[in-house]
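As structure tokens, here come the structures.
What follows is chain A paired twice: with chain B in the first complex and chain C in the second.
Coming up: the complex of A and B.
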């Protein structure tokens, strides 16, 4: 561990705090230590559990965790009950974090390619040598020819990368991963900007809403902060005297839609139209008493045309609109699927506008906005749109990038193949990947820098979207690093030190802990869950409690933008790649509750966890409406080919009653050619065949805008699923095993 | 050790359960449940102690899916108990929990055949934890070998630990002191655990709900897992 504060010192600091509190320092002449002469390794007392507060990094949400450590080993990850984000709760992915730490196929040493790229021949080297070598290489390059591609990193890493690049004079990092595209972060921020003049993520207080309309949303599965929304959903259902109601408008019965009181199937990309029609009816029927100036929103909206386009009868639209307008605390939330459509920004605005016209802003159960960080030091690095990745790939292909550093992302796996990232990589002289496992991108790199997992390192996260509090979550190592790995942040600090000059001035800290401590100094003065007189005590409390959070409510009440009165909401028809005659079906890639965007497919616990809707495990399937399956002449467990204009995959049919007949859904996550023994060579990667289509207004990837055709292969593979398949001795009855 | 009788009960609110699978993973982590792999899952040999069953209702477009988490129902009159030839499964009179003693079990699988809830899982093979994956194992829970039957224990190790802590601190066990792994993780707070023998506990209040029912109640197994019916709402 790179820290100057050891655990023993930490305990002393906390102890000193206690002494001060108890007021007996005056009598104490000199310290008395009661310790055996034989010292056990720090933090281990046989049979005794230690609990460390930290932050979950299995997705970008930033839930607080408590890790049980006994005999120096992490045994269980639980939610931190004191943490205001998840309040002691944790999702399936968060629970499985231990297997990231103890995965047998983790990278253990610095690797340098010895054969051709991608051949898998590696030599070992030391950290000192590789830092020296990288510093030399960087010094020999023009800074504008150095590029960083990172996923949604924890704040401490993102900030260090940004400062490193600024010091070098290199262009800022492209911050993009598929999880961010599924969340639609850039779309949500753009919508907030358009409606409320601030580019931040919205928070929907569904826990206290009596009617929730979810448009194309999977907020209970992977969207932004699933634990928060699951908790809020549970509370929404049992408020004192009220059972909140949820209605879902979407082409597929997702797990979220399955929990709705009513699922209204609509064709992909038309959810925004429904929202427009509801708004139009609300305005026309005069429910919008206080907001007459917003009537221009719905000028020219034709409810009959929406009914036609969506298949939802006009009289039902009227009933939905009235139900929403009559509610005391209605809230309309846009979701991931909107962000995947070409009209994502307009649709998101149309949905959020429903919250405006009825004038419930600022009341509980409504829409709120994520507050700004409590200090400049904690500012977040903005997420880049897909367009930025496209530009990077173009520069790589044109030979304008000499060195590419990849951190917290796996572009070879997660980008649409048609974008040409893998080909463009060939024109880059030096490819360096930070990774804890050999993923697809690391396998095509020149240098692989093995990274700590989040359970072995320090960090902080300004939580966004948050709840009603400001939260700066703490991350600390819970076990000693298992192997010769380093935190990418520490590697950058070492590199900066070696490079000297401007970079070193931008990154003057000897290690991560020093850097993080400087970020926290401003927090000490603010009123929150912890109060300390000096920085060291604050640091100790911050680690002990798992972070700092404000005492008072801190979410922003949205203020409608001044420009709205002249605004007209228009939701253009969605566009799709592929000729309808050749590719008759819409492809819906579904982010997975277990693998997210595919990054956790290596973990066996998650591989064996059934998908909530199909109960399938270990494989990739294609969800087909029963009518569509019948038309294609396919049944459960038949292998089909899914062909888009950009490629094809094969997967097993699951006849899915809850999907629009024009839509096929394929889960994201499998189809890895690397990432360890449990991920490799299983299922198919649907992300590869997506159209690399960028939405001009936001630069977002329209990941739900690809058309496909599905064809029989005549082959069969039984989908390993739980449904109709449970029990010790039932396999024979089902004819799975002969008998 | 206080021998006050506890009646440990789990309440599962189907109106809150979203089907998110957090409980499934939490249980696997806490109870050292082996991962059996693709082929074995295909044969119905997945070893989860808690599973979320998904039921389709209706046809497109008026289709619904319902989720029901199923665990060992900790029956008062458990059909699995009398068929065990070696008393590996028996009823604890103190906790009212159905206990499985691994080192008595000889693997006849009679109990699993007799369980109407299909709550029992069998180790057809020795579990594999390739190093260093073995470090993840919970030291409080035995790793079961090939030929052993297992099932949900209501996290008996957590019950014991909470009792010991209360004893050491000379206080009665409080409501909420015992939280099985699934209950603790449940993001929607659909699962509630406690002692119905304590009339002021949360579960004691919840089991009196009008929505309360038991799975396959007509069999007379008297489960200690109580479900709360999912709400209905109609639009338009």
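Coming up: the complex of A and C.
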């Protein structure tokens, strides 16, 4: 290109520009101040690092972590190599835990509302005063009118809440958050109950499988325990002499589907039908040598009809079935997407039945069950279905709840707006929220109790689903609490002490540490990674190692239920809310690999982490198939309105060939009206426009059963993306990829 | 074209600066207020080290064991100041302030006089183990009212001394990676 400015001139110009700029700005170098401890911790050496083992609490999986602490400050979080669950690995969410600790918008004091609810006017008070006041209020209430709504809490908190409520004589806590609904925990447990007579989470040993069929399962991004499944996936691909094969049946090309050898796009809610057809073919072709009594499963299944409903040709279904049946260690795994459909339970059973029919239970590369905890003290509090939340909201709306305590959940944000939680809240006299940041629910509360982050407090977790071991993971404070916060567990203990009577007898411990130590006493006698003569030594080792785990493998082999031979598997057609004529597209909310159900949208590292499929950051987008986008007349970066019968949101279009033409996918997590400077006023919250539809068989929220309409707004906003879409678009234009 | 690129560069640089200022603005305006501003107190090394004769290592107690010499915790100040105060009214008031900070757990901060950049690895431990006196690098702190930078601790300063070490030590001490890890 012809140019009139030489290189020398260019350097002069930019040099002059920089000089000019540096003249304009004040001293760029910050003065450095040193701040000594008020009271120095005994063991610290300035400038030397300490590594503390603990448990990650950024999602319910419970990975082991090591936190590097220098001069009393947590600096870095890594996976704990000794921990049998994640074996040294850690995901982006786990790494970002530091930003939870240091978030500038963290709650620092006990807050009590001074203005109207939701006005954002708060007065400060002390812990002593608030415990006194809460105890008085609770004493004046009928216990059955006190309600507790919690998310999937760490075990120690869940147990304390359960005991507290039992002591009060109040109904048990509703344990629900959207993360649990996305995992489909209730559905998986119900399926295990139906097939194996025990309501526990299944474990799929994909690491040793040679063929894996994933039905609507996004196990590499968000499902149940993604770090474990990522590792297992890697091992599956690199077994000695075998490269395991993965085939994904799902309406959207998730990261899991993208890593598969074959992605089979099926309409939403029909994954179970595919599993049924495969089973039918396996039985008809006689691959099920030893399990003839299970043939009744597939009575009346019409492979042709399935082919028609799913768009997968019958010949291909036969090939899929044969490949599965021929394999030495095949495993079929259900997943998050199944749980979101109205036929979730039936579909999950149909998928798990594929393993049953071929007799692949409890062996290499097959299906196992999560073992029960090593002692009664470590029992887990069961997860509640969405139906329980619905009943709670109904009770609140009817004025039957005087006090609502919210812990580890953000119902105002994460529940479908049509459920009416926010309105029902107005009929509750006293709303108390435990939170480390001012989230949407805390903002509508009367009292906000600032909570420690997981890096500032004690805890334990019986890991479920686990791997081949029983694991009781340890959690310990790695830094002194930064602000005047307390662990919700400690608050409950203080409250119980103040209330006295039966509650105090149920919660007799002076503090969290005493409580956790009593939970561990039975572990000391079991054979595991720690050998200790006395409780004190055991406690020290338990903290040092990051937990206790069994020495021997503890796979629990599933026993097929007795009454299976009379069982017939039926997968009803999925149902959707909204008239197909008015709302022609299916809405698929996608749990975010970084924000989960939206709880981590306040952390800038996670905002900045690109979505694995679109490389988009910092915003909400709508994934549209190119054909759908063309029909609607929209292009990349145009803002569209997504309308369901229950509300509407606006988001930016991302034209994505990896999605079924009848489906629009919207990532979950943004659209916060509170939760700190990086979350607020960014993107849109797709959870709000979901149909609050409950599946009768399990009580699960059918979160993928809403129909929507997409309309143009004529406005545009460029979606921040790490990579351009040129490669994908060109490939499509040239016909390399479909769409 | 060069002109264009130059303008772009300047534009980007100014954008960056503006963005930094823009980010700094909302601090403390949010719902949760900023942490209380730390206080600064004058500290006389002359009084403590010279007149009273406290050894450097009594306060900077970690220098023998750790990379950083460390500032004493307020708790350590209280070892003496719990009982000892001074007559001079201004100093007495400062001691009171210190006591108050200790009791309430307030933040107290002092300016960092000698600071090595991030790319320098320096540890007090081996230097003290060799018996190098504090004054060698930090100057005559004992006679300073407020510590000021007497010695420019740059690379030349370090190497001057490293070069004078015994022959068998010199190769290691002159190696880049000894200080630039």
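Here is the rule we go by: the second predicted complex is superposed on the first by the 683 of 739 C-alpha atoms of A that agree within 3 Å, B and C clash if a C-alpha of one lies under 4 Å from a C-alpha of the other, contacts with A are read in each partner's own complex, and residues count from 1 in each chain.
One rule holds in what follows: a residue touches a chain if its C-beta (ideal position, glycine included) is under 8 Å from a C-beta of that chain, and two chains touch if they have at least 3 such contacts.
Every value quoted in this text rests on a predicted model; they were computed, and no experiment measured them.
Residue contacts after overlaying the shared chain place A:46 against chain C, while chain B stays out of touching range. Judged by the touch definition given at the top, the superposed model places A:88 against chain B, while chain C stays out of reach. In the overlay built on the shared chain, the residue A:599 is in contact with neither chain B nor chain C. For chain A, the partner that touches more of its residues is B, with chain B and chain C as the two candidates.
Contacts of A:545 after superposition: neither chain B nor chain C is touched.
In the overlay built on the shared chain, the residue A:693 is in contact with neither chain B nor chain C. In the overlay built on the shared chain, the residue A:672 is in contact with neither chain B nor chain C. Legend: residue contacts after superposition of the two complexes on their common chain; A:104 is shown touching both chain B and chain C. Shared contact residues of chain A, touching chain B in one structure and chain C in the other: 71, 104.
Residues of chain C touching chain A in their complex: 1-3, 5-7, 9-10, 13-14, 17, 26-27, 30-35, 38, 62, 65-76, 101-102, 105-112, 115, 123. Touching chain A in their complex are the following residues of chain B: 13, 15-16, 18-22, 24-26, 28-30, 35-39, 41-46, 48, 51-54, 56, 58-61, 63-67, 109, 112-113, 118, 120-122, 130-139, 181, 184-190, 231-236. Those residues of chain A that touch chain C in the shared complex are 1, 3-7, 9-10, 13-14, 17-18, 20-21, 25, 31-40, 45-48, 71, 104-108, 120, 122, 438, 677. The touching residues of chain A, when paired with chain B in their complex, are 70-71, 73-79, 86, 88-96, 98-99, 101-104, 220-221, 226-227, 230-231, 233-235, 237-238, 243, 245, 247, 253, 255-256, 258-259, 261-263, 265, 316, 319-320, 323, 482, 593-594, 604-610, 612-613, 615, 617-619, 625-627, 657-659, 661, 682, 718-723, 725-731, 734, 736-737.
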